[in-house]
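What follows is a pair of complexes built around subunit A, which joins subunit B in one and subunit C in the other.
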Partner chain A sequence: MNAMLERSLSAFDTTAPLAADGLIKQYDHRSVLRDVSLAIEPGAVLGLIGRNGAGKSTLIRAMLGLIEPDAGHATVWGVPALRLTDAIKQRLGYVPQQPEAMAWLQVGEMLDFIGRFYPRWDAPYVDATLERWQLPRNRLLAKLSPGERQRVAILRALAPRPELLVLDEPASALDPVGRRELLREIASRAGESGTTVLFSTHIVSDLERVASHVAFLHEGQLLLHSELDSLKERNLRLHVPESVAAQLREDVPGEVSRRPHPYGGLSITVLRGEDTPWPDLLQVPGVRAEALPLEDLFIEVSA
Partner chain B sequence: MSAAAMHAPRWGGIDAALAAMRVSTTRRHRSWMLAIYLTLLASACLLGIFVPAESSRAEGLGFFVAIANFSVWAGWLSRLVLLQKEAASLQAPGIAAAVSRALLYAAVLSVFLPGLALLALGVPAATAFGASAVGVLGGLLFALMPWPAAIGLLMVPAAAPALAPYLPPMGPFALVAAAAFGLLMLVTCWRSVVRSADPADIPAWRRPVMLQAPGGMVAWTDPKVAAAPDAPRIHEGWLVAMPRPDHAGPHAPRAAIDALLAGPMGYVAKRTVLRQWALMAFLVLAVLMIPFRGDAPLVRDALLIGGVVGLLGGGWTLAMRLERQRRRVSGELAELALLPGLGDPGTAAARLVRSIGMRLTQLMLFALAGLLLLARVQALALSHVVMLVGLSAGVSAASAFLCASVLAGRHLASWRTGLIMSPMLVAAIATLMLTLLRNPLPTHALAWPLVWTVLTAAYLVAVRSPLRSVRARPHAFLLD
Partner chain C sequence: MDASLLSIQPNAAEPLYRQITGQIRRLVAGGVLRPGETLPSVRDVAGLHAINPMTVSKAYSQLEAEGVLLRLRGKGMVVADLAAPPDLATRWALIDPALDALARQARELELPADALLDRLKTRLTEDPQ
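Right, the complex of A and B next:
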């Protein structure tokens, strides 16, 4: 009865499924997270992008309460991440970057064991997916390839039909077919069941395929958090001729990066705010503008 | 270990070799190994200076030097072979050459410097250099051999005197043949390590010691080193079986914790426990029944004492394994942290503490049983038995402190822990020497039960501090 009530309440839950406020984490006097604040709207698919070592995995672990931040706090549906209740855990699915837990168990054995803890465990879905992915139930987890292991971890996370799915570089060990299947699964879960998804990646094409929102993390700092479509419309690369560049005294409003253009002048990347107009520089004769693909924007922002 | 961090073309001779030695392990691990090495060498020198010349003096000093070389080669310098393996797989001949030079320089230095020191202390040249070389060869062989052979190697010093009466006298030819056999074994094992593609593909009983957990020893001395995945776990056998979580679930949350922490908990199925006990009983009976001659009691006692000391170290091993779990970011602890059904954070923490408490109690009862068996075999006086019971209680309390510290998020490999454990270690060594090695008991014998009572009480009181920290943590399954 309680579970039913919780489920029906969760359908109308407008609390951010996952939120971080001022997270700071240091390892050996090296800042890994620097005052990161981030909230994911219900039903959003947030792609967390950043270079290797940017702090993506640490952020995810801190947001799920797996590690204790030095400062700041994270919440899952408003509950402190470090003190998650069973009811919250049942609504949550997590895929770590390199799954290695319970390696001595067989695939089926592990899934049966874990399934006992989730009232909404979808056993038929598990069986069908194992068959579709050609993963034998009696194979030891430790004997699976990294890609197969990741598939099992994804299946383990999806089977409880979670309302919040957190995936740490889920496609890193998957082949192109597996990656495509995973992205399709994420998109369908988000579209049909309203599952909120956070996934980290450094593969921009994956992110563009399924994400509704994007967040750039660079050296532990959140540089950008925006709706994906809006972000694509709000950035421009300006090619500023030498004569105009010589007159630029200050930063251009919304300037993200500036570098010398190989053929003279400057190349300036601009990202305007939601309600901010494009900078006047755009109107100057000789200045050319082009919209940047997400990958180029990522490189400019993290450069 | 980072082969990529080495810039071979820039290097010349000694610089390259030194750099190879540096990158073969972490600074902290190097410092530990060097500290052990220098302590053993200094002990040999001090003994050489202060111990009067007796018939066994030269062998005793040689033994210390051999042990010193064995430790540093088994623990650190053999890791150069791992670096060589990486260099081979990366097809980086410059690095491979630097590693070969490093091995050569290290071997020459560790044979000749201690050998010369022994020579200066009046030890015959053959014993001085022979002992150093045996230490180097033994250390390398130990690291490169499959583990059953490595354990056999460890038993050689104990078994050799027992077997001596049955063997013909060792002439120069036999010695050369033994050395050649050792070198042949070394080359064979070396090649198998360098050429092995994936250690997980080698059955556990054939896998060289250093490939069982290449980062294992380094990770133990350096908390910053990430723990490697447990690939070897796939090679279960009839003696080493992992538990099946058949009866675990939300209705049995402690069983679920036990099942998920199977590795550190050392928890295995009942059938496997029976097999393990049967094998242990067989080994003990075999040791007791072998008709040793000559130094028989010494050899037999050495084997039994070694076994009991291993059992006493069970708590420390458990704590080490638990700490390792904290560093496996995608391991069982992360799974436990997000698994529903284990209760609220306080209840889950209490269940975890109880699980580990139960396991520790089992381990310590085994150790006590071993000590009492030893006391029976040696027909010890009651006062000595009381001392051994005290030792067992003290070690149990100290082990509880170590496990609780790990659960509280502390690191074991720290000077603080070393300092806290040192009274127990000193008292344990003294107790073992006084009782099992039959040193005469001093007149203040009654002080020993008091020492162990105080130490046990002190560690039990000290356990409260980490336990308070465990309760203060947001939840029990936090990662580092």
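Right, the complex of A and C next:
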């Protein structure tokens, strides 16, 4: 009953499940987050990409209130992240990059223990998944391989049927089959139950399968946040021959990067706005254009 | 139709929903998917390819709006009747280059137009091999 009531209440929740405003964080005088603002709309699957050390984990931890930022603030369904209530935490599933050990417990004991804190804990799902993944309930957590430990952490986050699922590099210790299975689970949760998902990764093809939105984090700065389809349709890399390049006086509208092309002239990447036409340069004879795969676009934007 | 007929390339520059719409349009135009044939459910396509069901829905809805697919109650998406033949102008535009080439060769070989048309007519009424 409680669970049902909670669910129907949350259906009317129009505030962003997860939002950050002006987050700044420094460690040892090194800026890890530089004024990051980001809001995730209900039902979105946001893939956060960035190189190692870009600040992805710090951003996630700050958005969930697990660390205190030096400035700015984060909210979960409108509630300050640093003061989350139990009711909010029950609607939230989190898979940290380094799952906490609890090494002295068996797999089954740990899951049963955690399950008591969640009214919507799906015990049959836990049993079915343990069997599918061939994880014996009586195995000590200390004896698990890194991949198995990650699977248990994922199961622990999914079992409460969270409305918001946050996964920090969930695929890092999984093999390709395990990764595919996880993506399928994330996609179906989002598509069928309307779960909002935030996941960080450096494997771009994983993100491209399931994400509805994508955010680029680079050296603590949010360079881009867009719907994924739209981002793919709004970018072009232009190969500008020398003769045309020589007459370019200013930046091209929407220009995000410019470098010499290996065979002469310039290579210019543009990202137009949602309602902005392509730059006139595209019509100039000799200029060739190609849409970039996400991975290449990320490299251009963070160059 | 089986969901595995679709080939999904997440790394491509083309958005996934456009990969799906493009492939279904071609399968329909090429007659592989016939009018009335049922498409795999959103869930099946998304599950098989480990992609977001919303992406598949978006592709199906767009094809429905274009008239390529029809949403039938209790049956899901089927190929629409009108989807198969492209309009006449499009079909003429596809064959015109071949006609131009034929006319040019006939002139080069100095073959009479009447005889050429007769031979073409014969071929059109014969069963294709």
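We adopt the following convention: the second predicted complex is superposed on the first by the 299 of 303 C-alpha atoms of A that agree within 3 Å, B and C clash if a C-alpha of one lies under 4 Å from a C-alpha of the other, contacts with A are read in each partner's own complex, and residues count from 1 in each chain.
The rule we apply is simple: a contact is a pair of C-beta atoms (placed from the backbone, for glycine too) under 8 Å apart; a residue touches a chain by one contact, two chains touch by 3 or more.
A quick note: this is a predicted structure, and the numbers were derived from the prediction, not measured.
In the superposition on chain A, no contact is made by A:V79 with either subunit B or subunit C. By the touch criterion defined above, A:R209 lies against subunit C but remains apart from subunit B after alignment on the C-alpha atoms of chain A.
Legend: residue contacts after superposition of the two complexes on their common chain; A:A39 is shown touching neither subunit B nor subunit C. Shared-chain residue A:L282: touches no atom of subunit B or subunit C.
Of the two partner chains, subunit C is the only one that A:A291 touches; subunit B does not reach it.
Between subunit B and subunit C, more residues of subunit A are touched by B.
Listed in rising order, the residues of subunit A touching subunit C in the complex are 45, 180-181, 183-184, 187-188, 190-192, 204-205, 208-212, 228-229, 232-233, 290-295. Of all residues in subunit A, those touching subunit B in their complex are 28, 57, 61, 64-68, 80, 82-87, 89-90, 92, 94, 96-105, 109, 113-114, 116-118, 140, 142-143.
Listed in rising order, the residues of subunit C touching subunit A in the complex are 8, 10-18, 42-43, 46-47, 49-55, 57-58. Chain contact summary for the complex, subunit B toward subunit A: residues 200, 224, 229-231, 233-234, 236, 242, 244-245, 248-250, 256, 259-260, 262, 328-332, 334-335, 337-345, 473-475, 477-480.
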